[in-house]
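Here come two complexes built around chain A, the first alongside chain B, the second alongside chain C.
Now for the complex of A and B:
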């Protein structure tokens, strides 16, 4: 099984001996490890033999085992590695300073299908069909939220009121006849859900509603970071299907972004991101020291990011026996299967039913 | 399958074998690699190694285990392996 690599350090990806090397300075405090000043001019350090120099460390990533690379630290790439990764069909996701998703080095599409493309677009253009799919995405997200709440209800938290309200919202989804209304109701459900965080989480962390750009407190910082990671993971899954990344249904497709991933990741957020947060906070894995407070926001620092990524990745690799397939699949694979269900819907083979945690 | 590959090859071919195996598996110490492989990857590793080594002189041993759960690994002394996907 191929794995995702998460690079938290600052460094450079190189192509060497037909595989990928990640080279980084042993001493992190060096601001720019790959350039030096010679006669007052900035010169690039020769990268060819960098990995042999004593002040640098290297990690060798076996090319055959890489599913994708998440560049969370400041990762530089060389032209050699760009073409090599493109050939091997490995996407590289980049994240910004605030932990937000920034961009993807996207290998050329290899699974092209004109028919699928047209059918996916036709679903977007047909108002009723688009509405139906958008409703399914909201329903899937809401049901997974419900499952989280029910879990904590069983753990002895009093969430009865919120559960009933969300159930009512789900039952009434059919009456909305506009995608923007569905977006609004999705937001309402999420607000109710975020309202319960203060009951679910330990008191050490305060959470008063969702804030972004930048997140204002530790919980928001984790939600933002987790959602960005999930966004990248979903792009990977879609890349391995014939679906078009840019045509979405619940979110408005817009220029220069992979919006289908936003739709699909909506379903998986409660299950993959929020549960990671609950676990990290309630088991005291993450503490105040894992965040940096800045003038107008709060961010995960390096140790915080590492803890988060570690648990998130473990979760992705966890397997569960799939009812229909009758074999074990990893949670990451479930996202891919979700894309296949969408394909079947577009080809009118099987109506799409969103993933809901069944265990 | 989970494999452990140990090789004892002539000096002029050591780095060739090492570089080849680096594309598939994790280096754990001198002349030892290990990791998870699919069936097709295994065949490629096998045929690739056959091309590099001189089968009259060199020796490569491959320990094949069904899954990584089937093996328990204990290190005494320095852990030289660079495992883990979080860097």
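Now for the complex of A and C:
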């Protein structure tokens, strides 16, 4: 089973023949290997033999075992590495200062199928078909939200009212005949859900509603970071199918380049991201010390990101016996299976039903 | 062409027939035709999935290991069929190396198709075929009889019919689905 490789430090990826190294300064406060400031401007520094200098450390990346790389720290990359990773079909996702997703170094599509492409596009162009899928994504997201709420209701939190309201919203999804209306109702459901966070989470952290660009408090910082990681993981899953990353149904395709990932990750956020947050906060794994508060925002510091990534990745690797397949699959594999279910919808083999936590 | 029922019907004649090049397919498709129609349709529309279970990776390594002492020469003919040849004292032999004889029928027809192709398209006669299973120390000889030859034409027509269906045939559960690369796709 290939794994995702998360790089939290600042540093540079270098290649020597068929080996890729990550080189970083042992002392983080020292200038990083990839750049230095000269007269207020960032310039490339000599990277030749860098890894032999005592103040730097290098790690070999086990390329054959890597599914994708998450550059969470400031990771710079040489053209030699770019072409090598592309050849190995390893996408590299880059994240910004606030832990937000920035871009993906995307290898060539190796599973192109004209048939699938046309069918996916036809679904977008057919208003009713697009609407049907968009509705399924909202339904899947809402039902997984519900599963989280029901869990905490069983744990003794009083979430009755919110549960009933969300159930009503789900029952009424058929009424909306426009994708923008569905987007709006998705937002409404999410707001009701976020409103319950103050009851679900320990009092150490106040939530006070969702804020982005930048997130204003720790919970928002974690939501943003987690959603960004999930976005990357979903891009990976789509990459291993014939689906086109850019044709989406709930989100407008023009919004972001890889917008199908936005649609699919919506379904998995409550399960993979929010549950990570609940656990980290309620088990006191993450504390105030894991965040940096700035004048206009809040972000996870390195230890915070590390804790988050560790739990998130553990979750991805957790396995569950799949009901239809009768074999164990990882949570990460569930996202891939979701892509296959979409393929089957496009091929008229089986109507798409979104993943809902069944255990 | 030799007609069925003739006394020498087990011996293929040296005559070849005119073939519409449109009906020619890759050898794998002949194999898939016997294995599964869903697989044939999906594969023909470039819908393929990588198998990633550790078991399969182990299998691939084993395959490489156990076959490396068979010296074959690979040829890609007309960009369509990829053949492995071995030279033998008796002439040219097409050999197809397979992992297990579980799907022997499909393997045999794949080789029969190669022989048919060589005869009718390339006008290369008197070629023998072998399916080899090195891990089982087993070899099956394949001969293109007149009967098989006309059957092959019918199979090709069938294959083309399936491929051009507007929709993929629905998966039908078979005991070997669990070891198929499409298992997750078909049964999720």
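Here is the rule we go by: the second predicted complex is superposed on the first by the 341 of 359 C-alpha atoms of A that agree within 3 Å, B and C clash if a C-alpha of one lies under 4 Å from a C-alpha of the other, contacts with A are read in each partner's own complex, and residues count from 1 in each chain.
To be clear about the criterion, a residue touches a chain if its C-beta (ideal position, glycine included) is under 8 Å from a C-beta of that chain, and two chains touch if they have at least 3 such contacts.
What you see is a predicted model; the values in this text were computed from it and never measured.
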- [ ] Check whether A:157 is in contact with chain B, with chain C, with both or with neither, and answer first, second, both or neither.
- [x] neither
TODO: Identify the partner contact of A:7: answer first if only chain B is touched, second if only chain C is, both if each is, neither if none is.
DONE: first
Open item on the list: According to the stated criteria, A:115 is in contact with first (chain B), second (chain C), both, or neither; which is it?
Closed with: second
- [ ] Please work out whether A:337 is in contact with chain B alone, chain C alone, both, or neither, and reply first, second, both or neither.
- [x] second
- [ ] Give one of first, second, both or neither to describe whether A:87 is in contact with chain B, with chain C, with both, or with none.
- [x] neither
- [ ] In the overlay, answer first, second, both or neither for which of chain B and chain C A:202 touches.
- [x] neither
Task: Contacts of A:347 with chain B and chain C, given as first, second, both or neither - done: second
- [ ] Once the structures are superposed on A, label A:321 by its partner contacts, choosing first (chain B), second (chain C), both or neither.
- [x] neither
Task: Contacts of A:309 with chain B and chain C, given as first, second, both or neither - done: first
Open item on the list: Per the definitions at the top, what is the overlap between the chain A residues touching chain B and those touching chain C?
Closed with: 1
TODO: Provide the residue numbers of chain A that touch chain B in the complex, in ascending order.
DONE: 1, 3-9, 17-19, 22, 24, 59-60, 62-65, 306, 309-310, 313
Task: chain A contact footprint on chain C (complex, rising order) - done: 45-50, 52, 54, 167-168, 170-171, 183-185, 187-188
Task: Complex contact set, residues of chain A against chain C - done: 1-2, 111-116, 240-242, 322, 324-325, 336-337, 340-341, 343-344, 347-349
Task: List of chain B residues in touch with chain A within their complex - done: 19, 22-27, 35-36, 38, 41, 82, 85-87
